[in-house]
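A short worksheet on the structure shown next.
To keep things simple, chains are lettered A, B, C, D, E, F and G as they appear, and every chain counts its residues starting from 1.
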Amino acid sequence: MIETMLLIALALFMIAIALHVIRIIKGPTMPDRAIALDTIGVNLISSMAIVSILFETTAFLEAILILGILAFIGTIAFSKFIERGVIIERKSDH
Amino acid sequence: MNASQIIEWICAMIMLLGAIISVISAVGMLRFPDVYTRSHAVAKSATLGVLSCLIGSFVYIWVQDGYISIRILLGILFVFITSPVASHLVIRAAYRSGVPLAEGSGEDELKSVLFGGKDAEQLK
Amino acid sequence: MFFAQFILNLFIALLWLLFKDEPKPTLSTFNTGFIVGIGILYLMHRFFGTRFYLIRLVKILKLALVFFRELIVSGFVVMKQVLTPNLNITPGIFKYKTILEKDWEVTALALLLTLTPGSVVMEVSESGDELYIHAMDIGQKEDLIRSLGRFETVILEVSRD
Amino acid sequence: MTTDVAIVLTPFIFALMIPVFHRYISKRYIGWLVMTVSFILFFLLAAYIPRISNGEVITFTHEWIPSLGINFTTYLDGLSLIFSLLITGVGSLVGLYSIFYLSRSEQLYHFYCYLLLFMGAMLGVVLSDNLLVLYGFWELTSVSSFLLIAFWHHRKASRAGARKSMLITVAGGISMLAGFLMLYEVSGTLSIREIIDKVDLIRGSALFVPALVLILLGAFTKSAQFPFYIWLPDAMEAPTPVSAYLHSATMVKAGIYLVARLTPVFGGEAVWFWLVTGVGLFTLFWGSFNAVKQVDLKALLAFSTVSQLGLIMSLLGMGSVAIYLGYSAETIIYTQAAFAAIFHLINHSTFKGALFMMVGIIDHELGTRDIRRLGGLMSFMPLTFTIALIGSLSMAGLPPFNGFLSKEMFFAATLHIQDLSIFSLDHIGFLIPIVAWIASVFTFVYCLIIVGKTFFGKVKSHWLDKHPHEAPIGMLISPYTLIIFVVGIFFFPNLLGQYILRPAMASIYPSFPSTQELTPTIHAWHGLLSPELWMTIFVIIAGIILYSILKSWKPIYRVLPQKFSLNEIFNNGILLSESLSARLTNRYMTGNLTDYFVYIYLAFLLFVGGYFLRADLMVLSPVHLESLEVFEIILVLIMIVSSIGIVFATSRITSVFLNGVLGYSTALFFIVFRAPDLALTQLAVESVSTVLYLICFRHLPEIKKEMLPKWKKIRNVLISAAAGATVTLVGFAAIHYEKFMTISYYFNDSYELAGGKNIVNTILGDFRAFDTMLEVVVLFIAGLGVYAIIKLKAKGGGTNENQ
Amino acid sequence: MSNNIIVLPLVIPIFTAVILIFLRKHVVVQRIIAFLTMLAVSIISFFLLVLVQREGIIRIDFGGWKPPFGILFVADAFSVLMVLTASIVTLICLLYAFSTVGERHEYMFFYSFVLLLVAGVNGSFLTGDIFNLFVCFEVMLMASYALVALGGEKVQLRESLKYVLINVVGSSVFLIALAYLYGTVKTLNMAHIAERVAEAGQDPMLTTVSLVLFIVFSLKAGLVLFFWLPGSYVVPPAAVQALFAALLTKVGVYALIRTFTLMFPHRPEVTHTIIGVFAGLTIILGCLGALSSRNVLRIAAYNIVIAVGFILIGLASGTENALAGSVFYLIHDMIAKALLFLLVGLMVFLTGEKFIDNMSGLIRNYPLFGWIYFLTMLALVGIPPLSGFVGKILIGKGAIEAGSYVLLFLGFASSLVVLFSLLKIFLSSFFGETIITNEDKKPLPIASMVSLVAFALCIVVMGLGAEQLMAYVKDAAKILVNPSIYIDAILSESEGV
Amino acid sequence: MEQVMLVLIGILVSVATYLILSRNMIRVILGTAVLSHAVNLLIMTVGGLKAGNVPLLGHGEEPFTDALPQALILTAIVISFATTAFLLVLAYRTYQTNGSDDFNELRGMSDE
Amino acid sequence: MRINDVILRTVVKGITLIILTLGVYLFFSGHHAPGGGFIGGLVLASGIILLYVTYDIDTIQKKIPFDFKKVAALGVLIATGTGLGAIYFDFPFLTHTDGHFAFPFIGDKHLSTVTLFEAGVALTVIGTLVTMIISISEDE
């Protein structure tokens, strides 16, 4: 029963991800897509947590943390790219 | 059904709830009119969804294996801190890159400060 | 001063470990020493002219709880909006001048605000004391400003010496 | 080391010494040095005459590549001796001649170095028993000939002539090599002697005819047989001593040598007979016919050489029937053809060498060889005239010169051969003497031209750069030496026959018992009734008539338009091959990356997909479908949608985002498939890649809409679909392939074996640490490479290398 | 004793390449170290060759993990010959680079990249593990990417990009092949694969897998799929071109030979027929290319293609002689092609021109240079007693033994095209009136002449001393026709797996 | 499961191929990226899916899923990352010097 | 109005600590749990890259004054060096050895040359990634 619930939850997360993919494809603006991708990352974190429980292993928990970190870095990079066209500046403008 | 099973049940429910929240926020991503409002959808709902899911699994694992997963805790903390920052950065970028507010938006006190009253498009 | 007290506490725990002089130092002995240290520091903290550091810890926990509450509330608010058949909102951007000064205070405020229903911080002014906030519904601007005041209080509680 | 090895090596040693030491030797001595070397060699060789004529054979083996049977085996028998004597004898004369012929301002050491190289190579050809060593020297003669023809390489014509000769002779050489290898394959040996011993084995082989044809190609190209002769007239760009030496006396005879040498192997076969005789006869005719129209004396001599080589070749062909017929008193007369061939070969070397030197003198003294500018030189250059006269008459086959003797024997041979009823000779054999006779008439005509147009008639001094005068004595010694032979051989032919020719006959007919029988006594006079005499008489009559009415029939040369001449075909063929290959190559080497990818994919589809379908390996029955979960299906759909989204994405960021989704989804799959390390790595790498994309996008433009013609779009879609289908279907088959157990079970003991509980990590860090080490190196190189190509910008651009 | 010596031809270059990073500013020191490294590797390889000759196949199991579980390097006559040749060629090319490549490159880790390239090449020759082969390929390719792009010229970057992209796709196909291979035979050790493939009788599925590998290696070897080659081989500095010419395609050829003699030799009617067809096509297309161009670099590049086709005639024929010929010719071609590229590179360096029509009479200005070119040409045509001869006749003999007369014809005819194309350069650029006056004459860099002479000596010595080499080549060929020798040397001690 | 994955892989290969056959640099590079995803999944799939537990001793009992393909994919991922990085830089440098990101315009003269 | 990155920078200062710690943790845990030199290195590199993204090259290079090319080179040296160590003791290349060592304060630790090898891997990854990202970003 619990397994079924978890599988349903997983499927729902996948549906959420699919919806975000649609947003990425549709856009219309770059920030829209950046948000969607970021959220896909966040949803993947949840999915991994559920998979961990389904498989009864803690082997995937590192992935959760890493994904959190990396999605964040990615989002920063995207927003800087959208905002300035440059992700890493040579000199601080302050 | 003993206590731990009940807790596991509850955890599963919470996770399912998180999934539902995430789907709803994804629907919000599709429904809301502009990037700013969409960012509201994910900055809150999606974060809530993932947090409930993580907390659910944290407790589940704790109950089932007696294993306190620092990594999940850190993950929760991480999402908690980073997701608003991410929203902030993206919509700032959106605004500065000239993405207009949705039709029917109200006042805008930032426009004059950033673009001096001119249209972002003109500025480019 | 938070860290000074914390390190002092660690030092006391270490001292405790040395006093015990066991054949093999264990974590539990250290923990005991740490708890002893908390007691001693609580007694002594006024001599340092600052707050007892664990009080701040409690305040931080409170701040976290506020965060969390805001998150849950705002999450459901937004979901409601998503599921409402007709969206009837007027988004907009307004400026808020904060009394907070330190970087982390402003940051905490911004994060809190972003997790609050219907608002996202868009910009921080160059001077660092003005926040430009995108509101889902500009009509609720006054509510938001009220919440902002509350948040500032909580943050100041943490940061006040 | 025996003398014969030394003989081959000496020229090479000197040839190599010249470039090293030329600085220290005065130019004038180099020529003398060369002359002396060849002269000494000549004497060393001549010293063998008694032993060889006693039927001795002198061999020596120096192992070179024994494991392949390639050894440097010298083999001095009658046949090789004749050639060696010619090579060194004519060599020393030419050496002497060129001392006076070549100006001191020339790069003489080059010249003599090449000349020595050639001499060594040529000696190598005739003295080698090993086919492959022979081949080596053979090619070396082509190479040295190339260098000598191109001696004045600042002239375009020299370069062109050199190229033509090199291409044609090397082509023949390569074909010959193939033939040799076939012989090797059949006989299991590379030694000519051993091959001759295994004739029966060889004749039964399917490779017999191919080998024969290929080897003959080599011989024909070298000996300027039709249609390969075209290089020889162009080779006349070489200094005249070279023409005298290589292109009349020696190198062009290498093909003759080879045919003679291999007659024991191939002779007696109809293919051999007809190819050698037929090609020889036609060359004889064609060369003499074309010689008549030449206006350049050297070109005329070149065509005459072609013609004479054809004559010798045809004689060898005719001689080969004796092997078919077997040894008997009746068949002995056919061996006389081969005898005549060798005899004429010597004679030709003498008179043709002299004639070339004569032309060299005229060229040297008058600055031209064009018979239209020449005339009436008899009174100015009486000594030179004598050479021309004797040489020409000998070539024309008139007594009292050696050419007469061999020509008579040639006519006799053609008459004998037509009587045979083998090899379809009873049908077309009668053509042989007819062709021979016609060719001889033309020969007569051009001999008259040489003498008549040059030395008789009026002096056309307005055409000449220099006033005509006799040549210096130094230049006359060599031709006169040869002329002495021309006359001497006529009077003492049997001396030559007994000591020189007889041993050679033993080489051509090793299976025939008595060499004495094979050596006829040479008579100048066969009696008034001998048909060959009458043939000669009619040649003279017809020749004189044709010469006197030359102007009236010369237009027949214009019947065949210039562009159909072999020369033009060759030249145009080369031009065409260049332009055609450029067109073809540019058609597919477009420089367009897309095309190149299309080729790769087509190859993949053709061979992998094609073979897969042909081998009928399609398996579609499901495996483990029950383990499929709903969320996995959705994930698959997500991946499909995002990947297709990339195709239709109009902005690069969207593409990168969608690619990111693919990466994230792949990571989730890795988790589903129980691969945590992979998931971690995939996630990290995906994110860093995305950052990289974005960083680089600063320097790249937004993607534009793909404007492709419709057929290209369809092509791309088809290729893509087929590639995907191939990968999938082969995958289906692969997952059903369950013959073997994986070796991975071993790694499950990772803790006991390597102390690690994470099996994947233990594989990476220990079991297959080597891969990991190199993978790290790859990453490192990439990093360094990125740095280097960013910092090292093209010259002129701003460089920033100080970081 | 463990046979650690086998790994040295890979490890030493990597190690010193990395050390050179720290010596970046000291170009002269870099040169010395790079040279000494390759000298050491050459000596070690030679020692290894002697060792292999004496003791038969030897191997090193990395980490002590027995085959088929761990990765191993296998030294047999074939692989060690390749390693030795590659190392010597690199050694000599380095010498050439010292005087021609320029400090800008040297400062940008040029020598490191070269050493890493050699490491990858040597690894590819030595490895006995198919996945490790992929990794070694990547080391080699990555270094080649860096070298081909280093310099930043317009054309160079353009062609490098194409080169890299094609190879990236090629690498993916390689991985696809490995996926199928592991999916079917479930092992990665080449000897073990060979054993299992033999056990399964190389059924059609396995043959399909082998064909995927065939496509991959054909792409690397430039077997029909050579179109990436002429463009990319002509853009980097001459020393690099020479290295590429000598090493890169040859690794592909080596891999093809190993694959279809050791692992997948049981369906020659399919695989070897295809190889034969490809070899023939390669020769034809290469000849057309060589005829088509008047650009010295392109002519040289197409000559590589021709040689690849020629070498693979040996594989297609498959007899012991033919394979010995392939091995011999491979060695010859590595040396001679490197030399050829150095020569044409020097032509470009001295005249600043690439087209033969714009050069003339070089032999008057630089006689030794010109004659070395001439000698190289003869060697490439296969004229004895130079290096190209023995390989050529062995391949020819092999083709006759196998009855592949069409290939024999194409192979031998291609020599003529080689001659034609190279003679064109010689006649037009070395012969003729000189156009360089003594004042304009650029001096020949001494080091580059030393390397040319060294290569020329190799060509001559290899031809004259062919017998010495034949001992090793025969060993190599023996193993190629009897893969069981190789398999036994790897797997005999391991209990049945 | 395997078949479904193989179909997915096939589609990814098709997409990658289509992108690789494009004229635009970025699309081609993305094509190679998609191809490497496909290849990694292929190695995984053909090696056998869900055949056992996570290959971590102490996290479950045997049978473990085959760890070897995982190790191979790891190596492949790293290598493909390294190549992609290099490729991207090379691409933009090419664009900077040649002024085009269109392979149709980057042919070069036929006899350069 | 100039951009004020105060929120980002404040947050990043904090979480970089977490990231780097996680990187070190993953590096060490790889032998028995998911992780290892490569992943550890990647995470550490990500942390450093995050700093670069948040601040700028000049600032970070002042604060972390390494030549990352040399870090990468050092990594490769260590990775190959462990293999060469085995050669020195006449074991096959890349033979790993391990043992238990007692350290003051830390106590008994299980150390293996695998760890050293992985450290080389990690250093290479860090050095290479940072080198790549910085040099691309510096390019004008």
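Everything that follows uses one rule, which is that contacts are C-beta pairs under 8 Å (C-beta built on N, C-alpha and C of every residue); 3 or more make two chains touch, one makes a residue touch a chain.
Here is each chain with its UniProt name: A = Na(+)/H(+) antiporter subunit F1; B = Na+/H+ antiporter subunit G; C = Na+/H+ antiporter subunit E; D = Na+/H+ antiporter subunit A; E = Na+/H+ antiporter subunit D; F = Na(+)/H(+) antiporter subunit C; G = Na(+)/H(+) antiporter subunit B.
A quick note: this is a predicted structure, and the numbers were derived from the prediction, not measured.
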item: F-G or D-G - the one linked by more C-beta pairs in contact; value: D-G
item: Of all other chains, the one whose Cα centre sits farthest from chain F; value: D
item: Cα-centroid distance, chain A relative to chain B, in whole angstrom; value: 10
item: Whole-Å gap separating chain C and chain E, where each centre is the average of the chain's CA atoms; value: 66
item: Averaged-CA centre spacing for the pair chain G and chain B, given as whole angstrom; value: 31
item: Chain C: positions in contact with at least two other chains; value: 110-111, 121, 123, 125
item: Residues of chain B touching at least two other chains; value: 25, 27, 39, 47, 49, 74, 78, 81-82, 85, 87-89, 91-92, 96, 113-114
item: Residues of chain E engaged with two or more neighbouring chains; value: 14, 18, 21, 62-63, 131, 135, 138, 142, 145-146, 149, 152-154, 157, 162, 165, 169, 176, 179-180, 182-183, 188, 231, 292-293
item: Each pair of chains that touches, named by its two labels; value: A-B, A-D, A-F, A-G, B-C, B-G, C-G, D-E, D-F, D-G, E-F, E-G, F-G
item: Chain G residues touching chain B - in the complex, by the definition given at the top; value: 1, 3, 7-8, 11, 14-15, 18, 22
item: For the chain B and chain G complex, residues of the former touching the latter; value: 74, 78, 81-82, 85, 88-89, 92, 96, 113-114
item: Chain D residues touching chain G - in the complex, by the definition given at the top; value: 676-677, 680-681, 684-685, 687-688, 691-692, 695-696, 699, 754-758, 761-762, 764-766, 769-770, 772-773, 776-777, 779-780, 782-784, 786-787, 790-791, 798, 800, 803
item: Residue ranges of chain G touching chain C (in the complex, touch as defined); value: 1-4, 6-7, 9-11
item: Residue ranges of chain B touching chain C (in the complex, touch as defined); value: 21, 24-25, 27-28, 31-34, 36-37, 39-41, 43-45, 47-49, 51, 80-81, 84-85, 87-88, 91-92, 95, 101-102, 104-111, 113-114
